[in-house]
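Here the chain labels run A, B, C and D in written order, and each chain numbers its own residues starting at 1.
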Amino acid sequence: MSNARLGCAVLGLGRMGYRHANILATQVPEARLVAVSDALAGRTAEVAADFGVRGSTDWREIVADPEVDAVIVATPSTTHAEICIAAAKAGKAIFCEKPLALTVAECEAIGQAVDAAGVPFQLGFMRRFDPGYAAARRAIDEGAIGDVVAYNGISRDPEAPPEAYVAESGGIYLDCLIHEFDIARFLMGDEVTRVYATGKALVYPWFAKYEDVDTAHVILEFARGGIGHIEGSRHAFYGYDIRGEVIGTKGTITIGYQRQTPIMLLTRAGVTHDFVPGFLERFEQSYAIEIVEFVNAVRAGRKPSVGVWDGRQALAVALAAGKSQRLGRPVALEEV
Amino acid sequence: MSNARLGCAVLGLGRMGYRHANILATQVPEARLVAVSDALAGRTAEVAADFGVRGSTDWREIVADPEVDAVIVATPSTTHAEICIAAAKAGKAIFCEKPLALTVAECEAIGQAVDAAGVPFQLGFMRRFDPGYAAARRAIDEGAIGDVVAYNGISRDPEAPPEAYVAESGGIYLDCLIHEFDIARFLMGDEVTRVYATGKALVYPWFAKYEDVDTAHVILEFARGGIGHIEGSRHAFYGYDIRGEVIGTKGTITIGYQRQTPIMLLTRAGVTHDFVPGFLERFEQSYAIEIVEFVNAVRAGRKPSVGVWDGRQALAVALAAGKSQRLGRPVALEEV
Amino acid sequence: MSNARLGCAVLGLGRMGYRHANILATQVPEARLVAVSDALAGRTAEVAADFGVRGSTDWREIVADPEVDAVIVATPSTTHAEICIAAAKAGKAIFCEKPLALTVAECEAIGQAVDAAGVPFQLGFMRRFDPGYAAARRAIDEGAIGDVVAYNGISRDPEAPPEAYVAESGGIYLDCLIHEFDIARFLMGDEVTRVYATGKALVYPWFAKYEDVDTAHVILEFARGGIGHIEGSRHAFYGYDIRGEVIGTKGTITIGYQRQTPIMLLTRAGVTHDFVPGFLERFEQSYAIEIVEFVNAVRAGRKPSVGVWDGRQALAVALAAGKSQRLGRPVALEEV
Amino acid sequence: MSNARLGCAVLGLGRMGYRHANILATQVPEARLVAVSDALAGRTAEVAADFGVRGSTDWREIVADPEVDAVIVATPSTTHAEICIAAAKAGKAIFCEKPLALTVAECEAIGQAVDAAGVPFQLGFMRRFDPGYAAARRAIDEGAIGDVVAYNGISRDPEAPPEAYVAESGGIYLDCLIHEFDIARFLMGDEVTRVYATGKALVYPWFAKYEDVDTAHVILEFARGGIGHIEGSRHAFYGYDIRGEVIGTKGTITIGYQRQTPIMLLTRAGVTHDFVPGFLERFEQSYAIEIVEFVNAVRAGRKPSVGVWDGRQALAVALAAGKSQRLGRPVALEEV
């Protein structure tokens, strides 16, 4: 790729698509936002005007546009496979939001299209670019904790999403904990082979209507013998609580923030501070860094560090967790 | 019971028995240490001399002694049932170290003897008297977090015990995590109904020789629908790491210390502090408080707050965890 | 001011001027960077090219440019008075880096020019826009700690600046602690009346050559009877350590970060984490927020919240501190 | 001294004297409490009964008692000189509460008597035995931070003592900050040469009636060129806040606790924990350790590590601080 700025188009203009468009427009001098697209005409027009770029409600038109070097796919997960495959065939570099797709078969179809076309592909597992998780990975690589043998992750939302969202979300494993499943693989440097999951609707009984849970525990077994545990919930109330621990044969690394605003109040009632309120605050930097990394990798001809296989594997773990919870027994990854 | 000091005898003079004797002799003015007993004659003589009290290698003789109002049973777990039953028949108040016994049947036999004799009985779950866990229980009772719905516990030893100890320990669930099982019941205010456990020998392969593991995850399901998760390990290296979280419908309480010595070192290499080194440091106060509470309860005619039933239930969870790990499936409590 | 974007020029293209130019070019859609200027022709050309704007080595030319609505003055402190006065006469809005000037008389001349011209003026005390200090101010306003009676500040650089910088810096009070003097006034909501300062060259004896110190303590007395204490140093080594405390009649607020990367390493050697490395990391957000606030205030016709008077008062405290150190006695503010 | 237990008498049975008696009676097997004495007959009788020892309202009688090997002097400070000198002449080992006396001349008279008699003498600066301060001293000795160049201390009481106490206390420097002055000398390994102090009655205006302040800042200059700063107050409200920092040429050590009970509450209102409530909780261990050290030193024929000179020097700093505050200028130590 030449020195020219990378022509980018964002497909899907929900919260995440808009964020990606904004990052491309303001924080990545090596990229040029050239087009946006959403199924809703009004939204498309509005966002196109915000950024002074072309808008279209037809993603196919964008994918066919020769000015577009790369597409950012932030449409509903059900459409990822079709769009990614078309974009690959059109020779576009692809950045796709998580989850990659809703079935392992779709993931594999995407993988085949991407491989056949030889286009760069990056999956939106932004946590890998978080200064905390990235520093943990580097420290492991430098031998700080010996051989890694276990990972523990906590992922708590401050409250339930709207009921309509829950109805469509695919459930806690697919919607939320897929980030943890990816990070567990990333930090363990290994593949999950077997999963046991238990979940309950402890605080929001209405989750049961959608066969979803607001609290889940997942035990992961890894190919080289390691073990993992993920706890997820939708009712932390005090904030957005994301914590991890990687345990090695010589030490442990913990990852996480407990505070947002750098003040504490000390009174007769005790010492009080706030907590990180939400994922946008916690991962604000990560969302920018992942896009910068994508643009840099594409321009440099490097393969992005997180790809289709990662999306496929995290999805498989999420599906196995759901199946395990339904069946009440451990589920091997090849069962999904 | 009159105003007289409570005549106490300690049976079993290993590390824990000696500690109880010392606490009784120096920190509990309402008690009087009158006798000690160990199967080893030399040890008995030595400890008797240390405290200036009568020694005997025959616990039966101590139990028969009219000067003895209460016995502290710190003998090997296999002997608890026989000794406790004899002591109950002799009308003695009983403080018994954990685990109460090695089978549910033995626990129940002890319960019947204690009930029949109407003697006070306290089990050595000292954590309930730790300022942290006790404060958590009080905060829950005061409604600080609404209804409790989940408990998460971490229990990490800094390193493996000697191989000879592991061989006889009964395994990580019985030896270590039984404290967590009791605390989970204590803080949830509920009974465990079903258990799933996975364990591995990740750092010390030789644990496998004894069908034991150095890392375990246990998922607990409770009668009223709550959920729990316990992680235990024998390889924290950085220290003795005991942490808990109780999650309610309105908030969360975390329990735990991260430091021992109140200094930090700040240099070009970063900020460094130490960690609680071991269980004696972490629970030093608890060991004293539980004995004071026992003596006070007996003298006041109050039923001690942690009894035979608690020992039986924690044991049942530990046995179910071991069985679950062996079978690779969840195990209901009534299966053990 | 109309809806048009605010035409901005940056004068002085050292580290801070470049940073301001970059913020204006990429993070403030309401502003338009139109020109840059530095006494060095090469630097001017380079930065002008970076941002695709006009460059001139003659600041007078920029100040005369009708396209320029506002100037950002980041030239050496000795030139602030001349430039600010000229810019005020030309009717430009002014953002000026700290220190405002090197004498109280110069500060007052700037104040007269700004008042006579009626132009908006903001001083670069970016800490007031830091999420921590700003939250502390808000909490005070909300009555969280009653009436404020004392402020304690710590300001430690990780190491000495280059010797050439120290030679020209004006000394620790003017170069470093002026931020603390401003924040003390900001959080106390009061004026300093008397100052006592002691300083030493404890780690870098060569500071003495420049009549400067690497460690200083300053005690501030306030008009309404409050008290303040500032500690500053140039040898923290472990990082950039900025901490504050505001003490009120009902409680205390502490302000500060202790960590940069959200990981901790736990090994047999203890628990280790890093520290905020430098002022750019600590106040990255503040530098952007202060520029956004300036642009917003100018466009809205609001008076910026930190102005000439604040620059004059902080300077007077710094000068009084230097004088106190030299004389070995407290110095009243009117003495400088 | 033989293997016999050290016969100890406690003179002065206020809060601190009672505490010492209790520690001797229950936690120091190498000592034997043989007598107690207070000017109040009722108090003497009551405490004598509590511990089953002899009581006398006449300290001279106790000092003359051949069964008494050592006296613990916890009487009002005005009586320390007379009692210590008499005890030294009687050949008793002496443990004396702080402050040693109220004038430098009295301190020196005590020193001469102790030296002439060759008796062991320990001053009650218990902080030196606190695990935190002691660990800091050890780390310094091990070279962890290079050469020490500065000390910063904070000493905040949660609230004002009763007015009657303030009236007799000798003021904040003598009553409170004397501990800080000693610790500064202990950790710096150096002597203070000059002092500047400022104080105000910020929260309790009635302190002014007694020429006392509720907030003070003291700057210390040391013989080898180092610098110190002490902040003291009587209105922390949130708890008893004792913090220190020793700054060296290679790093910094911080000393201090921020929490008492090991739980945190996390709710929508934020994260809350408690604070160390008072000096008895903060220094509980230190009070026991200092007595154990005294008894051990006397029995082993070792000179206690903190003696008359330390009491004299800390007093001199306190007096110089008071004088500095009154005069509004720095005061050299030889001026008091």
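Here is the rule we use: contacts are C-beta pairs under 8 Å (C-beta built on N, C-alpha and C of every residue); 3 or more make two chains touch, one makes a residue touch a chain.
Predicted model only: the values in this text are computed from it and were never measured.
Undergrad: Counting C-beta pairs in contact, which comes out ahead: C-D or A-D?
TA: C-D
Undergrad: Using only Cα atoms to place each chain's centre, name the chain farthest from subunit C.
TA: Relative to subunit C, the chain whose C-alpha centre sits farthest away is B.
Undergrad: How far is the middle of subunit C from the middle of subunit D, if each middle is the mean of its Cα atoms, in Å?
TA: Using C-alpha averages as centres, the distance is 42 Å.
Undergrad: Could you grab the centroid distance between subunit A and subunit D? Build each centroid from C-alpha atoms only and quote it in angstrom.
TA: So the centroids are 58 Å from each other.
Undergrad: Multi-chain contacts in subunit B: which residues touch at least two other chains?
TA: 236-238, 250-252, 266-268
Undergrad: With touch defined as at the start, can you tell me which subunit A residues reach subunit C in the complex?
TA: Spelled out, the residues of subunit A in touch with subunit C are 26-27, 29, 130-132, 135-136, 139, 144-145, 250-257, 261-268.
Undergrad: Subunit B touches which residues of subunit A in the complex?
TA: 149-150, 152, 196, 198, 200, 202-203, 215, 217, 219, 221, 225-227, 229, 231, 233, 235-238, 247, 249-252, 328-330
Undergrad: State the interface residues of subunit D toward subunit A in the complex, per the touch definition above.
TA: Answer in residue numbers: 236-239, 258-259, 266-275.
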